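By written order: A, B, C and D. Residues from 1 in each chain.
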Amino acid sequence: MINKRVSTAAQAVADVSDGSSIMIGGFGEAGSPIELIHALIDQGAKDLTVISNNTGSGEVGLAALLKERRVSKVVCSFPKSANSTVFPELYREGFTELELVPQGTLAERIRAGGAGVHAFYTPTAVGTPLADGKESRVFEGREYLLEYGLKADYAFIKGAAADEHGNIVYNKTARNFAPPMAMAAKVTIVQAERVLAPGELDPESVVTPGIFVERVVEVVEPAHESELIAAGASYP
Amino acid sequence: MTESNERIGWTRDQMASRLAQDIPNGSYVNLGIGIPELVARYVPKGRTLVYHTENGLLGMGPSPADGEGDPELINAGKRRVTALPGAAYFHHADSFAMIRGGHLDLSVLGALQIAQNGDLANWSTGEPGAIPAVGGAMDLVAGVKNVFVITQHTTKSGAPKLVESCAFPLTGRSVVNRVYTDLAVIDVTSDGFRSVDLGPGVDLATVQSRTGAPVLPALETASAG
Amino acid sequence: MINKRVSTAAQAVADVSDGSSIMIGGFGEAGSPIELIHALIDQGAKDLTVISNNTGSGEVGLAALLKERRVSKVVCSFPKSANSTVFPELYREGFTELELVPQGTLAERIRAGGAGVHAFYTPTAVGTPLADGKESRVFEGREYLLEYGLKADYAFIKGAAADEHGNIVYNKTARNFAPPMAMAAKVTIVQAERVLAPGELDPESVVTPGIFVERVVEVVEPAHESELIAAGASYP
Amino acid sequence: MTESNERIGWTRDQMASRLAQDIPNGSYVNLGIGIPELVARYVPKGRTLVYHTENGLLGMGPSPADGEGDPELINAGKRRVTALPGAAYFHHADSFAMIRGGHLDLSVLGALQIAQNGDLANWSTGEPGAIPAVGGAMDLVAGVKNVFVITQHTTKSGAPKLVESCAFPLTGRSVVNRVYTDLAVIDVTSDGFRSVDLGPGVDLATVQSRTGAPVLPALETASAG
């Protein structure tokens, strides 16, 4: 019997050690695994590298983890938010380092990391400051940058439903970075609104096959960042 | 009343409407945040466009009423949207495969500066201390078949946005096909900027005076038959 | 209104010209778009390059196209079949050229072609005869081959259902090469058992989004290679 | 009765059974065509393995009864199979991402030759005029965490299959972790072949006499406590 279910978010993140790299799903609030992030805040690991498209909003979820000074580096495409000064302050202070990556290059580097593709040539960012220091090469008259696959120790992602094998389906645009991140992490942890028995998901509709997932935890009514912020919440 | 107080050219909505006329039926289109989003309101009757939002949806529909919708059904500007019949959701690697692989017909973007060779600067003013943030702009301009820029012709202080070469950090090199401003529609050609259309009350001399590089006159349109 | 439906397989393949490159979906008989291939046989285009995992069975479908001497080159991982001598004879005769590509490299090259990734580094086939003449490079002590993205003029694929936007879902392991091929071809033609109105497919379950598809033709009861062969069929 | 007529070692089913004992519960496993497929029959009670077939299915189940099943639900050997609860279908690029990306725990393959450094030859005898066909073997050996080979110890004519260096074209370089033959279980170590287990009636001298490279004796197992 295969059963990747763990009982609580706290258990799911218990072994994260200082210095770990963590891919965190989500584009804005869609797909942000807030309960896993809050469990990680409680857990205490620090000096983390976070790979995520954004840097969070308000003072909950990813922004809260940053505010607790637990993240020494972010790999990110858009570390700005209309309603958060957490990352900008840490960045200007020099506490949190930023590796800025174009959004599509970030997604493709993560997929490559998960797919055993060590590096690839992309036309994105040629001739821009984000090409500085990168190897480039001309093929058939067009210039491309060499970009490297990205892997991580953990991925924290959010699903709509998962089964005990770790198969996942998502909710609408909450899917975003989760499938490639699940491929690229040594330990992928999913919070899902429902955890089902094997066979309850249609095998034709599974988006992330269970082979990419190590732990599944049920979080029945996950918080939404915008609602927490509207309610004036902060964590912890 | 001085000339500079006279209202000439197009409003933002008129700019968006002018651009919308140029998008063929059935096109797959990605609209950037801001003025580009207005374009969807002005698509001529009888044409259907399919909107792509890079966070993972084809067949995006308009925003729902305030308070409606799903916080996890959003566009690239992180606003709630809807999905139309025929929509499909996909993950980010697939979404940017569409972009990078040249599957989208058109990307409409805002700009800080456009150079006469088509270079685009639209993500950073390069100020020290600013938080750099690029999102998907570099992917869009590198991959999408046609890149249209929609922007005011000059900055608020009157400085040209269409220039000989960009002073701001580039988003992409030689990527812009056409620029829609409040004053004119301007193609980026191998000879530099060329006027395609002028706004109401606008002449080429006015456009030239507010442009940082030469603007060639419109080619005469070959008449049919 | 978007409607990519065409009435017949003949119409769907009418513009294929001599010398075209065509990706043909299928792994063995699963997912083989037999009716599109037969329409192409009728249509007459020759000097084709076919990119496909196999070279067909018996004397129907892809094997029949080969037997008609219409294919000058195949790009393929496994050009053998227990019950077909068509390709081996053409190959030995020197009529049809073979580019042998490991199966996973073939799939990844096709995806790369569709995803705007010009080339990538893979560990597959290092140290083997299939690395001959290929550029290789050592990263972090391991050797990788540089492989290039593959594109084609056409892709012929088979879906279980499609809608008029070209969104596709598949049947079980018939999915195989179809999704990456749909991405990599200029003109992707789908034969589907049912063609539906937009909105009839669940947008969460669409496997190939319509942007990758140009033409959809309904083929209500598609033939299966094994059944045709068991019945002694050949084409034309 | 001469020694060579005596039946020593394991049958094919016993080889498969011996291999199955070494696969941990919960492993993701790809079984090649032929003897490797037999392994699934002998997984010890209480262990669940998840079978991957590279044509696009995780959670593959046994073949259906003759005439049953779906011609589009097949395994890599193109035989009809079934899908178990918890299965998932996916396309080839994703399937080989699993393989190349190191997500599978074990690949079990047949072999023509295995060299003492772990080189594997299993796809071509290199004969002129033969139709070369490789399938997914090179991807599997390059990507999967552990590669077990299951094969007769010698060819039908008695030539060793475990050799100093492969004469046949390689499938991969230094990729085999362990070999299960009718005579022995042999690890590929940095010191070359090392016996792990011997079949019934087989001694190391017999194994050595039928092997084309040195075979080191089994290490004594450290006793617990």
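One rule holds in what follows: a contact is a pair of C-beta atoms (placed from the backbone, for glycine too) under 8 Å apart; a residue touches a chain by one contact, two chains touch by 3 or more.
Note that the structure is predicted; figures quoted are calculated from it, not measured.
Set against one another, B-C and C-D show the most C-beta pairs in contact at C-D. Centres computed as Cα averages put chain A at a distance of 34 Å from chain C. Per-chain Cα centroids separate chain C from chain D by 30 Å. Centroids of chain B and chain D (each the mean of its C-alpha atoms) stand 57 Å apart.
Listed for chain C are residues 108, 111, 115-117, 122-123, 170, 172, 204, 207, each touching two or more other chains.
Annotation for chain D: residues touching 2 or more other chains are 57, 83, 89-90, 93, 96-97, 99-100, 142-143.
Chain contacts in this assembly follow no simple pattern; the graph is neither a line, a ring, a star nor complete.
Every pair of chains meeting the contact definition is listed here: A-B, A-C, A-D, B-C, C-D. Within the complex formed with chain C, the residues of chain B that make contact are 26, 28, 48, 50, 52, 57-59, 83-90, 93-94, 96-104, 142-143.
Taken together, the chain D residues at the contact with chain C in this complex read 53-57, 70-74, 78, 83, 89-93, 95-97, 99-100, 119, 124, 129, 131-139, 142-143, 169-173. Chain C contributes residues 108, 112, 115-123, 139, 142, 144, 169-170, 172, 202, 204-205, 207 to its touches with chain A in the complex.
Those residues of chain A lying in contact with chain B across their complex are 27-31, 53, 77-80, 87-88, 91-92, 98, 100, 102-108, 110-111, 122-130, 170-180, 207, 224-227. The part of chain A that touches chain D in the complex is made up of residues 1-2, 111, 113-117, 163-165, 167, 183, 197-199, 201, 203-204, 206, 209-212.
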